[in-house]
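You will see subunit A twice below: alongside subunit B first, and alongside subunit C after that.
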Partner chain A sequence: MTGFIIRRLGEAIVVVLGVTIITFVLLHLLPGSLARDILGNRASPQAIAAFNKENGLNTPVWNQYWLFLDKLLHGNLGYSFQYNRSVDSLLASELPRDLVLGGLSLIFSLAIAIPIGVAQAVRRNGALDYAGTGVSFVLYSMPQYAIALLLIQFLAISFHVFPAEAPQSASAIGMLEHPSGLVLPVAALTLVTYALFSRYMRSSAIDTLAQDYIRTARAKGLPERLVLTRHLLRNSLIAVVTLVGLSIPTILTGTLIIEQVFNYPGAGLEYFNAALRNDYEVMLGITVLVGVVTVLGNLLADIGYAILDPRIRY
Partner chain B sequence: MESVAPAKVDVEVQPEGGEVQAAGSPWRLIGRTFLQNRLAIVGVVVVVVVALFSFVGPLLYHTDQFNPNLIATNMSPSGSHPLGTDQSGFDILGRLMEGGKSSIEVGLAVGVIATVFGLIYGAVSGFFGGAVDAVMMRVVDIGLAVPVVFLFIFMAQVYKPTLALLIVLLAVVSWLIPARLVRGETLSLRTREYVQAVRVMGGRSGRIITKHIIPNTIGTIVVTVTFQIANAILILAVLQYLGFGLPATTPTWGSMLSDGTTYLQDGYWWEVYPALAIIVITVVAFNFIGDALQDAFDVRLQER
Partner chain C sequence: MRNVTRRWAAALGTVLVVLVAAACGSSSSSSGGSSGGSSNQGSSTSTSTAPTAGPGLTSATAPSGARQSGGTVYYTEGAGATPNYIFPMTSAQVCGTQNISQFNAILYRPLFWYGNDYKPTIDYSYSIGQQPTFSDNNQTVTIKLNPWKWSNGETVTSRDVMFWINLYKADPGKNYCGYVPGYFPDNVTSVDAPNAQTVVLHLNKSYNPEWFTYNELSQIYPIPLAWDRTSLSQPAPTSDNGHLPDATKSGAENVYKFLDAQSKDLGTWASSPLWSVVDGPFKLQSFTTTGQVTLVPNTDYSGTPKPTISKFVELPFTSDAAIFNEIRSGGPSAITIGNLPSAYAPQTSTVEGEGYVLNRAASYSFNYFPFNLNNPKVGPIFMQLYFRQAFQHLIDQQGWIHAFLHDTAIPTYGPVPVSPESPLASVNASTNPYTFSTQSAATILSSHGWKVAPNGTTTCEHPGTAATECGAGIASGEGISFNIDYQSGVAAIESEMNDLAAQAKRVGININLTTHPFTTVIGTAIACQPSQADCAWTAENWGAGWIYAPDFLPTGESLFGNGAVANYESYADPQANQLIGATITGPAAGEAQALSNYAQYIEQQVPVVFGPTSIGSYQGDAGTLVAKNLGGYAANAFGYMLPEDWYFTK
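Entry: the complex of A and B
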């Protein structure tokens, strides 16, 4: 077990390093130069040389990568020269609001996917199963923003139930104080995540139902309700660990799109706006962060699975 | 495969009633299972209809998709414009056809390129195993950790995308999943007796991979291509919607949807829903086909 965790951790570190290399290369592929971008077209060669020296841009590429990595290791994700603000401070104000959006959606989608998945597995090939599969199929085949658009059309425009714009509070708590504005963005991201979860949850529950211990539980006369809650549900929950770990890229990409549609103030919207104003360091800082979180999610899912399911031996 | 185990087929498949299933070629079996799946038929029909609509449609239904017609903007559906016109006066029905061309071209090209590359990569990685496999798979892991949509927005801002560049970029991010799937299958295939037999007979690695491993992963490959096509069409639609795809002069379903969304509040439904519907219908159709193929190849394994 310890060996597995160490090996898995080593792999994760290699992958994170790989992501930083890709980001670094992208930063270097950019046309023009940082000095010109910041000092302007009329900057003197001396000023440019001084700027390059100050920022280590006159050193060999590998050294620049090392500086870049060193900054990242100290938690410095870059600097937005357009906002004259560090990417860290920018994200520090965005991430709590992202946690509200992503966290609530994750909780709701699990709360829907687990019981429906189990019900579908128990009543396999019944009406409920077909309906559930159909819904998740359509959701899965829709571009993420289309789900958001339909919600806006029906719940904000046709029937004025909820506003189409997210609350614009500065803090996460402020967002929670305007629940009506949160409903549509959270619902949209919940559906996007549910589309990913539902089929997996169903097949995991079907697999569990075929296990010997379910047969034993039924054979010894345990009421079906207890078979489902004590044996089926509990063991299906192991799959949830994997689900949550693997859903992180979907949630983060979903966040980007949903935040853009609902003007939800978060890192995704920040990324979108940074793209519009060519603020590359912000974009790459967020990309590195998303990459690291993705790797971390996979790692925790693997380790969590190994701990929860003692049958897994590496 | 047929010649390897005909006796076994007879024993296993023959039901008590004495009704013997024709032990045809595996391809016929796969084809039959596929055709029994009604959703698969629907999928194939829809894909064919959308393809005809996009490529043959413009020959029958002539519209001008190059010069904006500012007298006829945002017109509701009528006799001369069955699905109305958009904000620049382009006929929506004709524009859906044009948009279909780029969606289908990108989807097919990306699906095929990504799967072929992923197939070779995965087969090599799984076949050699050990350190080669570890290195090659870490590369895949790194690629999967880079968020696709984020990466694309960045690339689109730096380089103005063309159709070819977009296909290459989408293929670059799409080969990872097929590579991983094929690698997993290769790991088990390389221990099979027939692979070992070739090795004992002195067959070289290249021959084993191309003649024995790759043909046996055909099920995974065919299924993957369909899912990759669906995925590519979806990512394209998302990028176009966010405004980071092909330039505005190329009509696409995603950009139509994006333009139409501006008028959602005004009730110009014809500028939003036809584009949305055709994206969802096309992607669902490809997914139906993929699912049915998966089942069909599974059944072949079960019935054997």
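Entry: the complex of A and C
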């Protein structure tokens, strides 16, 4: 296992390097100029020339990439001209908040989806299964935006049960100190994620229920509760673990809509805004980060397989 | 069969739930009365009408309840627009409303204050400087200062004004966003301070006093000598000992760099010994990295009135939807002053019913988009005055305002804003010289040698340079086809451009539409020569036109002068240059007439395509919502705020 992890980490470096090259080239193929974008429509030619010189933008692209790599190796993800902040500090303030939002919704959605998915599989084609399927389809087919607005309309504007916006604290701990403000954004994200997980869980559990070892366990008289928890659940979780591994990068940057609607500044929205404003270094910084996290997420999923299924060896 | 029935029942239930949800969703964002299309699809001529937007709150709100002391005003920053620069010498990089009018102008009072009560004029009662006097054939400007104090106890003196000018002159990149090459401070040959309360500027030639007051003196902020250093470890100067670093050009450059770097260190603002020295009515109590600003009264504020509210909190938002949801949801930090995004204009009455007054003030601006007159392919067509005039006939401003902008915009026919009206620029800008009429456009093209092919391609039938011919550089058989690139993500602009393309097609002009983010669009529109690679652009519409700040007089030295910084279209016209020059250097009494002459000429010349100008502090706002229990709030023509005037009532 140790060798496998080291090998995967080595691959990760190559993957991340490739991602930076592709992203860097694509960003520099975009029309317009960073100096113009940043300095605006009143900037004099002298100001534009000074900006380009100061930031190395008057040098060849390969040299600019080398400068970027050099900074990256020194832990410097660059500087956001739009926010007047280092990308490091920008991400350091936003990623913890994203972890709170994405982490809580992941936990809640798994906590709901796994038992319901199993229950649907066990009661396949029963009332519970149809109800669960209906709810999942509704939630899955609804845009995140619509779910978020519905929650706000009913629970914030009409009945004033919860605030319409997330806590505005700059720190993750500060956000947790105002749990009522977290209810709606976490709920909106949970509902969408739940729909996905529950479908996979149901499908996986149905497949597992058809396995010989389930039939054997039942034939041996094992109580149904133990059949479900010891044999069905563990073996059905592999598909969900794959999904969880893949969704880890999404936790950090995939909550764009929720961040927009609930006034929840995070890295997903940051990336979107950076793309609109040609804030190259923010885009590069987040891309590198997502590349790393994606590789790590897959690695964690692989480790999870080995834990869930002792037959799996690396 | 049983299972099939159940599945159908489940599916039907799903559909019903989705429909109910969709219905609920649409109820919160109904499209109101918008017709969803241009109101005038034919070739008929629409008549000019009065502006549909406005007026702003021309006098301060005065609720009937008893006046209270204290209270917190919560204000909505623009979506994604949080302050990121505190030093008032705001560079072009950070030159935005969120940094200037809504932030540092509250902490650091400019030398002169403009725009109160929705008038685009100067207000000396809120200014540090008294009315300037011009002498020596308007080549010498003398400014006396009111005896204001900094919050550290020092007096605001003429040396503080000189400090600002020294830094401005020393900045090698000329980063300050008010800078126009050749003008302030390049046109100031020397500065004297005969005493602590008097500044004398000697100019390189005679300038119109109004122009100089509104477009040059408007750029000055007195700044405290406590900032005249190059590191925080140095003691803060309290007086000029003759050896302060800004006295030399290199020293001033180092001070500028130091203050610029400190200003970019956002996390230290609230605790900085620099930024805590203020002369404005409020000082910074806290600033979060998410962009939330908390201001508290400066108890040493010298101006009048003194602040009544106890706290002014500016709240950051990630989107227009988040702003609107927060306005509607109320709660303990209910929004007191909120900018209503234009997408929610149809719900104005609902929000007003929840305790707000809508201030439909426009910023002092005008909307337009440029052609590239130097484009190597279609530039010769854009160069033709008749073509530009014909094209302006295709702009259905009234239809766009009603159908796409929810009646929250003002028709715009020239560079002088119609609303708020200025006594200094009293031009008849409310009459459309080129009313919407495809027939008129077709007639103009036909009379200049073009064979108009409705819904086809209009081609040049009579090349040549005579009055009835197509014009120089246009070949026989050449068609009119070009690209308009516009800002993506804004429904109103998209609808406008689609309508324009459709109307143009009716006279055989083929417009290809492309979209890009705002920064790309505005970054593509650059002045160029036909031989340059980046001169391929034909028309760029970034949707926000031009805002007059900190050049508050609507003259054209930045816009339409030959080689001006924002003359992206490469318009070059000797008469326009002469008329612009007359607004800058003409006699004091002739400014209004000079502005009128300039504005009328530009309206006639249409060097750019004029379009409806949105109202609101931010472009695209439907106005500003002000809580009904907040008194003392009035619109400012330039978007500045005077929180010292505000008070709550019971």
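Points to keep in mind about this one:
FYI, the second predicted complex is superposed on the first by the 230 of 314 C-alpha atoms of A that agree within 3 Å, B and C clash if a C-alpha of one lies under 4 Å from a C-alpha of the other, contacts with A are read in each partner's own complex, and residues count from 1 in each chain.
Going forward, contacts are C-beta pairs under 8 Å (C-beta built on N, C-alpha and C of every residue); 3 or more make two chains touch, one makes a residue touch a chain.
Predicted, not measured: the structure shown is a model, and the values here were computed from it.
When the two structures are aligned on the shared chain, A:269 is found in touch with subunit C, with no touch to subunit B. Of the two partner chains placed by the overlay, subunit B and subunit C both lie in contact with A:149. Looking at the shared chain after the overlay, A:290 reaches subunit B, while subunit C stays out of its contact range. Of the two partner chains, subunit B and subunit C are each touched by A:278. Counted by residues of subunit A touched, the larger count belongs to C, out of subunit B and subunit C.
In the superposed pair of complexes, A:10 makes contact with neither subunit B nor subunit C. Touch criterion met: A:39 reaches subunit C, while subunit B stays clear of it. When the two complexes are overlaid on their common chain A, residue A:138 makes contact with subunit B and with subunit C alike. When the shared chain is aligned, subunit C comes close enough to touch A:160, but subunit B does not. Of the two partner chains placed around the shared chain by superposition, subunit C is the only one that A:259 touches, whereas subunit B remains out of contact. Residues 30-31, 137-138, 141-142, 146, 149, 152-153, 157, 260, 275, 278 of subunit A contact both subunit B in one complex and subunit C in the other.
Partner subunit A is touched in their complex by these residues of subunit C: 3, 6-7, 9-10, 13-14, 17-18, 21-22, 24-25, 27-29, 80, 84-85, 91-95, 172-175, 177, 179, 181, 263-264, 266-267, 288-292, 315-319, 321-322, 325-326, 328-331, 489, 516-520, 522-526, 542, 558, 565-566, 568. The touching residues of subunit A, when paired with subunit B in their complex, are 11, 14-16, 18-19, 22, 26, 29-31, 137-138, 140-146, 149, 152-153, 157, 249, 252-253, 256-257, 260, 271-272, 275, 278, 280, 283-284, 286-287, 290-291, 294-295. In the complex of the two chains, the subunit B residues touching subunit A come out as 138-139, 141-142, 144-151, 153-154, 156-158, 230, 234, 237-238, 241-242, 244, 254, 257, 261, 264-265, 272, 276, 279-280, 283-284, 287.
Subunit A meets subunit C in the complex at residues 30-33, 36-44, 46-47, 50-51, 81-85, 89, 93, 125, 130-131, 133-134, 137-138, 141-142, 146, 149-150, 152-154, 156-157, 160, 163-165, 168-170, 259-265, 269, 273, 275-278.
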